[in-house]
Structure formats: C-alpha cells, structure tokens
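All chains are identified by letter, namely A, B, C, D, E and F, in their written order; residue positions are counted from 1 within each chain.
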Amino acid sequence: LSTDEVHPETAARMVDISGKGVTLREAVAACKVVMSTETRDAIDRKDLKKGDALEIARVAGIMAAKKTSDLIPLCHPIPLTAVDVEPKVVEEGIEVVVTARTSAQTGVEMEALTAAATAALTIYDMVKGIERGVAITDLRLLKKSGGKSGDWSR
Amino acid sequence: LSTDEVHPETAARMVDISGKGVTLREAVAACKVVMSTETRDAIDRKDLKKGDALEIARVAGIMAAKKTSDLIPLCHPIPLTAVDVEPKVVEEGIEVVVTARTSAQTGVEMEALTAAATAALTIYDMVKGIERGVAITDLRLLKKSGGKSGDWSR
Amino acid sequence: LSTDEVHPETAARMVDISGKGVTLREAVAACKVVMSTETRDAIDRKDLKKGDALEIARVAGIMAAKKTSDLIPLCHPIPLTAVDVEPKVVEEGIEVVVTARTSAQTGVEMEALTAAATAALTIYDMVKGIERGVAITDLRLLKKSGGKSGDWSR
Amino acid sequence: LSTDEVHPETAARMVDISGKGVTLREAVAACKVVMSTETRDAIDRKDLKKGDALEIARVAGIMAAKKTSDLIPLCHPIPLTAVDVEPKVVEEGIEVVVTARTSAQTGVEMEALTAAATAALTIYDMVKGIERGVAITDLRLLKKSGGKSGDWSR
Amino acid sequence: LSTDEVHPETAARMVDISGKGVTLREAVAACKVVMSTETRDAIDRKDLKKGDALEIARVAGIMAAKKTSDLIPLCHPIPLTAVDVEPKVVEEGIEVVVTARTSAQTGVEMEALTAAATAALTIYDMVKGIERGVAITDLRLLKKSGGKSGDWSR
Amino acid sequence: LSTDEVHPETAARMVDISGKGVTLREAVAACKVVMSTETRDAIDRKDLKKGDALEIARVAGIMAAKKTSDLIPLCHPIPLTAVDVEPKVVEEGIEVVVTARTSAQTGVEMEALTAAATAALTIYDMVKGIERGVAITDLRLLKKSGGKSGDWSR
C-alpha cells in the first residue's frame, strides 16, 4: 500500500492562506496578438463580420478574470474590486494590457493573466475567418504590488 | 434615434451554423511556457511545493476545453469527443500541445487553443512562487481538419 | 412514511425528451427597458461612465443564452446554433429583440427569453448610477417554430 | 492607429471599488408574471406536470443571485449573506419579491434583480406547456440601503 | 529531459469517443442519507427551518446532473434528455434514486451518480443544523443500458 | 389565493448570516470508495488507461470545493483559504479525507463534504471501465471548528 502516507511530495496542494492579512493588491499583465497588417487594420476599422473585436475582447477579459479560480486548479477565489482590459493597436497586431485589483489574502496576478489570455483568444476568434495563422505571444506579468512578498516589476 | 437600424455593421453577432452539416473535426494547438533552466528542471523533477505541474496542467487544460463557449463570447457550445493535453519539457521550458475532436456543426480550434492557454497558465501558477518572470509564447493553431473550409496546417 | 410513493404529484420533474426527433427550431423573444428620455439619450450617444450599454448588453445576452440550462432548473441543455441580440432605441427607452436557433430535441424559447432578460439587466446595470428607477417590462415570446407543437406567434 | 489611446470614452470598464468601505447593504426587487386566471390557479393548486412552480422558482432565484457577477459583465463578485425569494399569487398572476443582503464594498441590487428575473423565467418555463403567451413585467428595484449613495425607495 | 515522451503511461487522458455511435442510454444510481428517526421525521413532516428538504434536493440533483462534465475531469459533455431524482423516506433516513437518459456517444452513469450525490449533500445541508452526524452511504450504480458495453445491473 | 402569505412554513430559505462575525473556520470530511482488491491495486500501481486516479481525484476535489455554493442551493458563497484532499489506499479500496478552511461568516463543512464526494466520484470514473460495481460509502463530517456553534468532532 505505497500511497498510504499523507501528503506525498508531488501531490497537488493549495497554499494555505488562512493566516495571511487582507491587503490591497494590484497586478498588471499583458500579451500580444500577432497578425498581418491587413487583419490588424480590419480590426481597427471595425470591419469584421462578427463585430468589434476589441470591445468584445474587453468584455470577455473582464468576465474571464472573475472565473480565474474556476479555471486554475490551485487558485483561491478572491473578491475582485477592479479589472481593466486595454487592447490597443500596435505594429505587430494588438497588444492587450490588463490591470486587476483586490483586497484579499492573496494576489491577483493569475486574474490579470487569465483576463489577458481570454481577451487575446477572443480577438483570435473574431478574425480566424480571415486569417488562420494568428498567434498569441508574450503573455506575462508586468508588475505587481501589495502582500507580503512585496512589489515586483519586470 | 441613431441606433434604430437592425444589425449595425459593428455589432457582436454569432455566426449562424444552423445550416451546416455535422462532421468529424479535429484541431491541434500549441504554446510554450518560457522559464529558467532551474525552474524547468524543478518541474521535471516534480520538486515543487504545490504538486506535479505537468499533471495538474493536463487536467486543467482538459477541463478548460469544456468551458470554451462559456469564455469566448461568440463560440458555439459543442460536444467534445476527445481532448488530449501534452505538456513536455523542452529547451526553453515547457511546450504544451493540445488535440481536440468533435462531431459538430463547427470546428474545435478555439477549444484546443483555450485548453493550451489554460494548461500554460496553470504551469505559470505552479512556479510563480519560485520565478516571477515566466512568459507564455507562441500560442497558435498547428492544424485543423474537417468542415467545409477544409484542412489547414501551419 | 408519507412520502414513500415514487413521483408525488407535485414533485419537480424534467420532461423526458428522449423520444423526440431532432429538428431545426427557432424562437424570438423581446422586452423593453423603460427609462427617462435623458438616460435613453445618454445610452444612444454612448455617453456613460461604464461603456457602450447596447454593445455590452448584446455580448451579455449571447453569453447568457448559453447558460440557460444552468439557470432554469428543468431546462435541457441544447446546442445553440445561433443567437442574435438586437437592442434598439425606442420612445420609452430600449427594446431588446432576441432570436435563437438550434437543431435539437426541444425548443429554444427559454434561451431567447433568458438572453433578452440578461441583456436588459445589463442595460439596467450600465445606467443605474444615473437613474435608479429604470424598469424592465414586457419580457415575452414573440414567435417560435419547429418541433411537434408547431409554429406559434403572438 | 486610431485606437492607440488608453481608455477610449466608450470602452467597457468596471467601476473601481477598491477604495470603498465594507458596509451592510440590502436591496429589494420585484416583478410580475402575467398569465390567465386558469394558469395562475393551476400554479396555486400545484396542478402542473413539471412540479410546484413557486417552490422551484424560489430555488432557481436563490441560485441565480449567486451567479449574478457571472451573468452581468461589469458586476463585482460579492459574498451574499442572505437571499429571500417570495413568489405570491396575485390578481394578474404571480408576483415575485426578492430581498438580498451582503457585507461588501458595493451594493446588491443587481443580485436582487437577477434573482427576481430568474424566478420569473422559471415560472414561465413551468407553465409554457399550458399557456404560451405569459409575460414578465415590472422588473424593478423597490428599495436599497447601505453604502455611500445612501438609502433609496421607489 | 525525462518527460519528453508523448503520453506517459500515468497521464490523465479522456477516452476518445469520436468513433462511437449515438445511441439511447440510461443509467440508474442511488444512495442513502442515514440519520436519526427524529431528523428523518422532521424531513417527512416538512418541519425544517430552511424548507422542504426533499423538494430542494430534487431540484439540486437535476441541476447537478447538468454540471457533471464540469465536475468530473475526464467526463464528456452530453445532452441529457431526462433526469429524474426520487428521494424517499426509508427506515434509516432518506434514499435517493436517480434515473438519467441521453442520446449520445457515451453513457450517463456519472450524471446519475453526480445527481444522487448532490441531492444527498443537499439533504445533509438542510438538516445539519439539527443533526451534525448524518452520513451518506451506498452511492452506487444500480443499472445501465445502451452503448457497446451492453446492459448491466447490480 | 392560498399562497398569498409571505414565507410559508415549508418554503426554501437561505439562513441570514448578515449579523454573524467573520471567524477562522475549519472542517474535515471523509468517505470511502469500496472496490475489489484488483481494482484498488491497479489504482495504487497507477496502472489505469485514463491516468493516475488519486492525483486527478485530488485536483477534482479541490476544484469542486470552490463550486459548492453553485451546487448546494442554500449554501452561501465563501472565500476558501485552503482545501486539502488526501486520497489513500486502504483495505476496502480508497479513503478520501478533505480539510477545508475559510475566514467567513459561516462554516466550511459543505465545502469539505462536496470535495470528498467529487474526489470519490472521480475515482469511480477512473475505474468504471474495469469494475462496474464500485460504491462510495461513509461520506461524513469528521470534525469542525470555529463559529458560534463551537467545535464538534465525531
């Protein structure tokens, strides 16, 4: 009966945040959706069959931030106090920047990253009918503040 | 009353797939989670405080594929018949390859991409305590088959 | 032991649709969001602090249609093939018209109604900071087609 | 690159409640489900094929209140401390009154309204087999208390 | 790079049902909620502070059946055509019997079991204020039919 | 109009916890998954077609704890601070022990029980291809602490 021991080294376990204090926390994450100039310009001109890609991505990103603990197995549910999703047109396509805030016992970086990823996937979905090869890159944390581990910026 | 007209050009609208046939469809998507060699090796040795990153990412990816139409506003709900999430250790970190299949009136590329993104975010979550600067790149479709638009590969 | 009998008369029970045929079905539902002329015009001019009420309502309505069987206890899950949410500016405020389609063993009227209600509640949420007394009225089915019970229109 | 500016005027944005205090808040919302006397009496006698409409509506309303931030795009998730759904038989059909409470940084009026709408849609679903033309009207806030904006009643 | 190989033996993987035929399938599952005679009688008399335990359990079980593929990681989403949840008063407490049906490429036994478990947990929740030691036992499949593996009964 | 009175005795109603204090609360629940020695040993050797049953059950249990208020109609949403799911090989099959913690106005026993039930159902799902007659028994609370009702242990 080899698995008899409690807590084997490699088993999934949520970090216990019961003893941590509630503090104001913020995280900023970003990613890029890389596409052809033609596709990017069609987004910018709002000239797509399925609607305004950037506006729908914004809504999808905000809604996804609220689902983060449902998607990422070991994430704690936290009461988000603000989520801001900013897609903007750049040279290579669209850049998405997300800011998330909470007053909680743990940070919001997974929420910011999940919102950015979902906004980017939504932009992909809006243009996949005109360009199949769109890619999402550089999904990453830009900075975070609040909590015991202190501030961090890339 | 400027918005009086039905269907303004830029309004969100789901593609109507009512008239499309049910066919077997498959999509393969992939992405990379880029990190230091130390972090990658800790994943490979299963030497992480929160558990086995690759195995938890696999489960998270499969479960996320089933939530795709709940996350991407204009996606149709489809009955997934198979989802396979394969994270593997590579030079730059971890590569995730996802294969999704369905018999439906529309394709599964958003499901494959959403699973890959969520598996990658889960790996990020597993190692963020030891390396803050991990990034997710090259989230993209590798190939798709089935449906009227035919086969495609990158 | 009074509740011993199987299937008491008043117990919740899903209609068994196992024996019904898969047919193309459509439903159209509508409602009105009644408000002051000032609030209606602010929506029409897109002059609101939280964004474009009609566009966000459209996305919220489409996404809610996909959650209908999760909200209404005895609804069957069905594979929606199209959902169209059309908010328009009218004399009393905003009218929302929703068309939903599916190929399934049961109809889509609950999906159309749930989408219309959620789009209307989203419009309420967008303007509640400027007018507290907004009301939602006349949420109703306009017509339906497909299925054994045949076509119906109000 | 016209969308380059951060925060265009009409973009979706969640209100940032990070700086607001946690206070006890309550909201009361209501609506009517208008139907024929025969249908209303069948509900009152619990003489329906699918079960007790009012009791199932009560449960559906309570459960929907907990999903509000998942349905309404810009709503914040809040920890509901009480939800009471009261359907009652009236002259025109069924009236639903919902009271919701929370201790949070923002109010519960959307939760009360969403619960009332879902309870009403559930009643509709329970009787649609015997009367197709049922309508939901007068979905509105009756009163709210708590928070910086103070008390309000219709 | 030890995990380099695709599909390690112990990795999570959904069964691929793409090649299976759509057939009518049924499963019956059951469990018991064991409690004191006093608590059982309070349920039977509907004499509980939070409402009618059996009726609420019925609704909770039906709704949970629809969430099965969201709860059980490797379950496929299937279009349920009927779910019947029957709680009844027995000697040791309450017995719950669930019948689920679908026309799908895979069976409904997980749906029947998930509905039974959730109905039982709901009964527990309804009486935990008066008896803390209630237990749920004998959650098991009673029979199943349809599909390639054929009929089975306990 | 017999249902005219507010709050009939038997109607579903959430307990109002608005006036209760936020305290640290913990609950421990457990259950057994009873199976043949052959099946149990196949789990222990990780020799199953669909993956490592215990590890996937662990992840499913943690994720289900976070969905408790979505499954159990009258449960309040609470911010879980820790969930630990420990499946272990025992004589009759697998025993699952779950510990859940929160700082909230109400307890976490339903979260611990829901996690244990879902972990057990996941183990069932992993082995149902090799043994149809597996049963889940003795799902029960072992102990709880925190809150006004004080500590309790079986």
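Definition applied: a residue touches a chain if its C-beta (ideal position, glycine included) is under 8 Å from a C-beta of that chain, and two chains touch if they have at least 3 such contacts.
Here the structure is a predicted model, which is why all the values come from computation and not from measurement.
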item: Option reproducing the contacts of D-F, where over half of them reappear, out of C-E, B-F or A-B; value: C-E
item: Chain pair with more C-beta contacts, C-D versus A-D; value: C-D
item: Computed distance of Cα centres, chain E from chain D, in Å; value: 29
item: Distance between chain centroids, defined by C-alpha means - chain E, chain F (Å); value: 14
item: Multi-chain contact sites of chain A, meaning residues that touch two or more partners; value: 11-15, 51-52, 55-56, 58-60, 63, 67, 70, 73-74, 77, 79
item: Interfacial residue positions of chain E with respect to chain F in the complex; value: 9-15, 31, 46-47, 49-52, 55-56, 59-60, 63-64, 67, 70-75, 109-110, 113-114, 117-118, 120-122, 124-126, 128-129, 132-141, 144, 152, 154
item: Touching residues (chain side chain D, partner chain A) in the complex; value: 1-7, 11-18, 20, 69-70, 73-74, 76-79, 104-105
item: Chain A residues touching chain C - in the complex, by the definition given at the top; value: 51-52, 55-56, 58-60, 63
item: Residues on chain F engaged by chain A in the complex (per definition of touch); value: 24, 44, 54-55, 58-59, 62-63, 66-67, 77, 79-90, 101-103
